[in-house]
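Below is a structure I'd like to ask you about.
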Amino acid sequence: MSQTDFIYLMPLLILTFAVLVSMLVIAAWRNHKIIYVITALSFIAAFGSLYELRTTTAYIIEPMFVIDGFGVFYIGLILLTSLLVSMLSYAYFEQREERKEEYYLLLVLATLGACVLVISTHFASLFLGLEILSISLYALIPYLRTRPRSDEAGIKYLILAAFSSAFMLFGMALVYFSTGTMVFSGLAASIAGMQELPLLLLTGIGMMLIGVGFKLGVVPFHMWTPDVYEGAPAPVTAFIATVSKGGVLGLLIRFFMEVDGFRYPVLVTILTIVAIASMFAGNLLALMQKNVKRILAYSSISHLGYILVAFMAGNQMGVEAVTFYLVAYFITSVGAFGVVAMLSDKNSDAELLEDYKGLLWRRPWTAAVFSAMLLSLAGIPLTAGFVGKFYIIAAGINDQLWLLVVMLVLNSVIGLYYYIKIIAVMFQQPETEREPAIRLRPSVYVASAGTLAVLALLLVYVGVYPTGLVQLIQNVLVSVPEIVSK
Amino acid sequence: METAAPNYLLIIGGVLFVMLNVAAALIWVERRMLALWQDRYGPNRAGPFGLLIVAADSIKLFFKQDWVPPFSDKPVFVLAPAIVVVSVLLSFVVIPFAPGIIVADLNIGLLFFLAMSSMGAYSIILGGWASNNKYSLLGAMRGAAQMISYEVFMGLALMGVVLMAGSFNLREIVEAQRGLWFFIPQILGFVIFFIAGIAETHRLPFDIPEAESELIAGFHSEYSGMKFGMFFIGEYMGITLISCMLVTLYFGGWLGPDFLPPIVWFIIKVVAFLMIFILLRASMPRPRYDQLMEFGWKILLPLTLVNLMITAAVVLWLEG
Amino acid sequence: MILVWLIVILMAGGLLAWLSKKLNPELPRWVALAAVLLDLILIVYVWITLKAPADSAWLLRYEVPWIPQWGVSFSLALDGLSLLMLVLTFFLGLLAVLISWKEIKNKTGFFHFNLLWVLAGITGVFLTMDLFLFYFFWEVMLIPMYFLIGVWGHENRTYAAYKFFLFTQASGLLMLLAILGLYFIYGSETGTYTFNYFDLLNTPLAPAAARLLMFGFLAAFLVKLPVVPFHSWLPDAHSQAPTAGSLILAGLLLKTGAYGLLRFVLPLFPTATVEFAPWAMLLGVIGIIYGAVVAYSQTDLKRLVAYTSVSHMGFVILGVFAFNEWALQGVVMQMIAHGLSTGALFILAGFLYERIHTRDITQMGGFWAKAPKMGVIALVFVMASLGLPGLGNFIAEFLTLVGSWQANNWLTVFATIGIVMATAYSLRIMQKVFYEPGPQHESFRDLNFREMLIAVPMVLGLLWLGLYPQPILNTAKPSINEQLQAYTAPEPTIAEPKTAFHRQPDATIDINQLAINQRAFSNLQIFQSSN
Amino acid sequence: MEAALMLAGVLFMLGLISVLIRRNIIFMLISVEIMLNAAGLAFIVAGSKWVQPDGQVMFIFILTMAAAEVSVGLALILQIYHQLKTLDSDAANLMKG
Amino acid sequence: MDASEVNTVPLWPLLVYGGIVLSLVGVILGLSYVLGQRGKGRAMTEPYEGGIVSEGSARIRFSSQFYMVAMLFVIFDVETVFILSWAIAFRELGWYGYAGVAVFMVMLVVVLIYEWRMGALDFGPDGKKILAAYKRMQKPAI
């Protein structure tokens, strides 16, 4: 470690420091606003520190991390998303009676984990990042202890996540056993010459994929998604949908690109099946749901399937598409769950379809934002989701993945149905006049309404004028030789 | 190793024999000493100065009914006292009584000791739980809480010694004390280890899990016969073990002026500590459970950390 | 730049209309009216002032890069075909605003927002010369339409809106795949990746790929048109939509399908289209007859009119796949005439619904006596729909049939039978609604001034189309020739020379055919001037 | 070496099967711990095969993670027991679909 | 760890010792089973709870404070593992390693402070809570 190493790890250090400081502050003086400000500032500071890191060459901290454009971009994305989530959380928790302060602590920690994940190049750092993220989530999911379903969601996530961690670890151990290295590049070097992977190594990589699959919530490891989405507080759900999955995805891209897993037909076949199954399972199961959070959960399964389509392209365009789609998906998910959080009252989240009846007439702006988010999820023009889906289809066609692309298109149509269903519910005239939502304090209201407005504007901006983002993604990928060379 | 091929069988036999007897003798010693300090006679009927009281007691225990309560969890109930004896006896394996007199000169000796001593918590919690008796359960819970808490401070306090000696091997730790016994630089560590040691053996004054006056013997209320005897003897062997560890880690083990053989130095030091243990029992009142726990977490833990950092800094500084 | 303004005015007008609701619930109507009127004036001004350059069919072009990384540009262009379509769009748009004046009472702001954005999407579709942008606008016009049906529609609106949306969206995605396929094939062949229409026209395509890609485009356009197996969304959507929605659906949205066929399918995939032509024409004829038969058996007035659309659109596809100037001129005429006549019939249905709150024609009757003005106007509309000479539809259908006769005699004969059936269902409307005695309705009033303001221009428009169609034909001619160029110009080089050799006969046939067409067309002009 | 790896594999399978068939949440947690420790064992075996300390380092990490997880898990289980009065995982199944 | 050094310490004495210890325990338990008298008393089948007849099962819920201790133990004992690994190698690591562990310790201390303030380290009955409960009990009377 040298002094430059510290500069390059600055975002992580800032987050760690923020955790310690807020812990002390909580110990000294419990105050929701102060902790929130510290959290937000730490995210902003960490994001600001990325300015120093924008590079065109990869900086390697042996053997754990590599800070390259890809990593910096993902860290930035994660930090901004977390910032938005924390802003939503403020309004969400302000009206609740539980202890609120520790929530931010865990949020920052989870963000830290995700950041570690996307720059790791070693099994140890991978594992550390993943576990920092997961363990924070174990506590975040059942944070509202008095909710009937929160514990259930928490324990389900805990057991399944630990279960998947075990798979991942055993897989790593097998890989380590057969290659003698835990560094991605070393692993790549040792299997570079092989046409066929030895059984032990294949099993190892397979088990690691199972672990990643669990965290991503793709079929057949998707069982936890709807329950956890439903049971967790809305901002936490937004966090899981975005940062948690995005971090793991960033890792998966880095690992696969480095190892060049696309050379092995077995892995490609498995991933293809997983992608198709995820798309179908997510969309078909979503059709039957009456709970908005569950619908979004199933939709997230299918969206991960879409992302895998671009991932399967396995070239630079594929990575660009995944990254772009991820940005769009982040904006959209945070926005959608932000609306859910905003409409939630003191006792329960606004999650049933009935809660949204006539929303368009009660709160037109909120409903408009929500509609925009849903249309983006459905991939309708003028929204970021459209460009993202377009990018993915383009990447798929470019790599001749006709089967996957056709499946994707088919699923887009199925998906439309339930997104539109929610929108249709918002049109309906409410039968009874619902009592007006509790008036939040203006400052709190502004925080969440402002966040939603920012998200909606971003959504349209990226949807109408994606050039800037595309350019940015292409620029940052230049510093990653593993991706550009493909 | 100084002797070319130590006679291990002899050592094994010797260690076992001595330890069992020391524990037995301790029972008599303690009763006599307590009596002395409390101005009464103590055991004085069986044999000269009541010396045979231990033998009489153990014969009695053997012939008592081997009672396993019908409401208990039977296998666990039987297993619990065995665990305490086994774990304590096994701990003696790594103690260097004198050069060459050691059963297994493990280079992770200290860790072995820590591992074995934490096994003790199992016997208490299993015994208390299997008894299916509310007082036993309470005693077991308290005992477990106390033991696992002090386990932490004990381990951390030991780290000071490890830092100075640079090894987990107890023989090497003793060798490292040739110039200066560690209890001088590590006075803080020594005090913490001593307190933690008492708590680990749930010896008076920290006998909270079995406090007769509150919990009617706590976790071993339902035990009788030789199974009770094993808990009983286990406690005395535990005291011996802690004394041996104290001597090894902080008081130079067998080291001493040449006019006495090393083993004798070791015995003298251990006996001194045993006496201190007995004296403590005679002189200290029992703290409340919460006082004990808070003392540990709020005072001992920060102290160990401070001790650790200072020790490391000083060692590094001295070595340039 | 004026092309951008056409779209921007509508979009901005939409937002403004939505926001102005806060000030006054009536304000959105005026804002919307102003926006559409402005556009109409603009486009008519363009029509009158702009003369086509001699060497190209394109009157105006506008292009700025949009997503340069993907070769996407914001590219708009106007030729005669688009010009006509835009005039129709803004004219019908204006009527749609007027027709809603009294019908839509709640959420006026959002309604006009959606209305104007549909129009904006349609304008974009007619103007854009970039395939990415085309798809973009193609989708943009769907969502507001969905809202129009879903929020302000009749009793069964949710179902209808779903059906409309899913059908069009699914087919649209297939088109997206085809667009991307074209994009990548062009990119890999030439090294430049672009969505530009004019560049992609030169894509060298292997026959198999061309066929697949063509089906992708066809899927979207045929569903939109609609052609018979894919038509089932149309009766539902048309009958459940509010009057303005039906007007736009029938008058404009269907035309985007026809426009897409003309603009994209024919020039992009000349050989594949020729292969497919007999089948497409067959589908067209089936549509004509099927639509007519089913229309006759309807009792719901709007549904009836909806099925007549199916029938009329059959002529469009018949004409498009005849590949000659006559037929294509007929198609263009049919698009405009049908936009006016069917739109008019929906407006009529709207008037009736406003008065007696039903669309069931068994509940109507004897209105001739009560509302003579309405009766006369309805008579004109119905006559237009059945293709009476002197009204626009006649010219359209006649031209189409002349063109298709040259392509396929038998199918044309069957299509002619369709016209006869049109007479039957059209007269049934008059008979049932106006002549036959029916249930009594209190206070059935005749058309008022606003309603006359809506109806009279449509009557005039239909008469104009029927009596003096030359301006329309002249305007459309250059661009139609441009679309047909692919069938006369030498074939684009094809990847496999063997196949190219096999293709040769087809191409010669086309050229011969066109020579015949040229002759026939000069005859037609004589015929028209005598009319 | 392979034998030790086999042992780890067997342990892992035992834990896996046990997670799948157990209905008591505490036992499920314990089974997961077994799986984690099996992974740890595999790491140590691998480390000793390549004569590197990495395997043991990973084991310490696993230990830490398992500890943290058990802490949270136990707290959650307490909460669930408090609410449902049972630890049957079928009972903790309010959410369906 | 040097492989040759491990081999100089024979492990068999440890195993022999362990075997003897285990068999000794077995013998003691077996002997007392064989030698012990048999008998039945009236109250021998009841748990002894200070002479009072036992009420209910001993499988009772106890204070969550005990779980808290378990968690504290888990946290800090695992930290010990890291300190341990450092302690054995701290000479090689030098001041650099010292700084690392210092950071680690700071984190530990922060956690400790936090827990202290949150009351995780208060094991006795909480006076404030009892008072609050007492006041709640009193309220209905007023």
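Per-chain numbering from 1; labels A, B, C, D and E assigned in written order.
Definition applied: a residue touches a chain if its C-beta (ideal position, glycine included) is under 8 Å from a C-beta of that chain, and two chains touch if they have at least 3 such contacts.
Not measured: the values here are computed from a predicted model.
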Out of curiosity, which chains are bumping into both chain A and chain D? E
Please report the smallest number of touch steps linking chain A to chain E. 1
What's the fewest number of moves from chain B to chain C, given that each move must go to a chain touching the current one? 3
Can you tell me which chain pair comes out on top for contact count? B-E
Innermost chain, where centres are averages of C-alpha coordinates: A
Between chain D and chain E, tell me the centre distance in angstrom, where each centre is the average of that chain's C-alpha atoms. 21
State, to the nearest whole Å, the distance from the C-alpha centre of chain A to the C-alpha centre of chain B. 53
Measuring from the mean C-alpha position of chain C to the mean C-alpha position of chain E, what distance in angstrom results? 81
Taking each chain's centre as its mean C-alpha position, how far apart are chain B and chain D in Å? 33
Of all residues in chain D, the ones touching two or more other chains: 68
Pairwise chain contacts, counting only pairs that touch as defined: A-C, A-D, A-E, B-E, D-E
Considering the complex alone, what residue numbers of chain C touch chain A? 66-70, 107, 110, 132, 135-137, 139-140, 142-143, 146-147, 150-151, 158, 161-162, 165-166, 169-170, 173-174, 176-177, 180-181, 183-184
If we count contacts the way the header does, which residues on chain D are in touch with chain E in the complex? 60, 63-64, 67-68, 70-71, 74-75, 78
State the interface residues of chain D toward chain A in the complex, per the touch definition above. 5, 8, 12, 15, 19, 25, 28-29, 32, 35-36, 38-40, 42-43, 45-47, 49-50, 52, 54-55, 57-58, 61-62, 65, 68-69, 72-73, 76-77, 79-80, 83, 92-95, 97
Show which residues of chain E lie in contact with chain D when the two form their complex. 64, 67, 70-71, 74-75, 77-78, 81-82, 85
Can you list the chain B residues touching chain E in their complex? 1, 8-9, 11-12, 15-16, 61-67, 69-71, 78, 82, 85-86, 89-90, 93, 103-107, 111, 131-138, 141, 144-145, 148-149, 151-152, 155-156, 159, 162-163, 166-168, 216, 221-222, 225-227, 229-230, 288-291, 293-294, 297-298, 301-302, 305, 308-309, 312-313, 315-316, 319
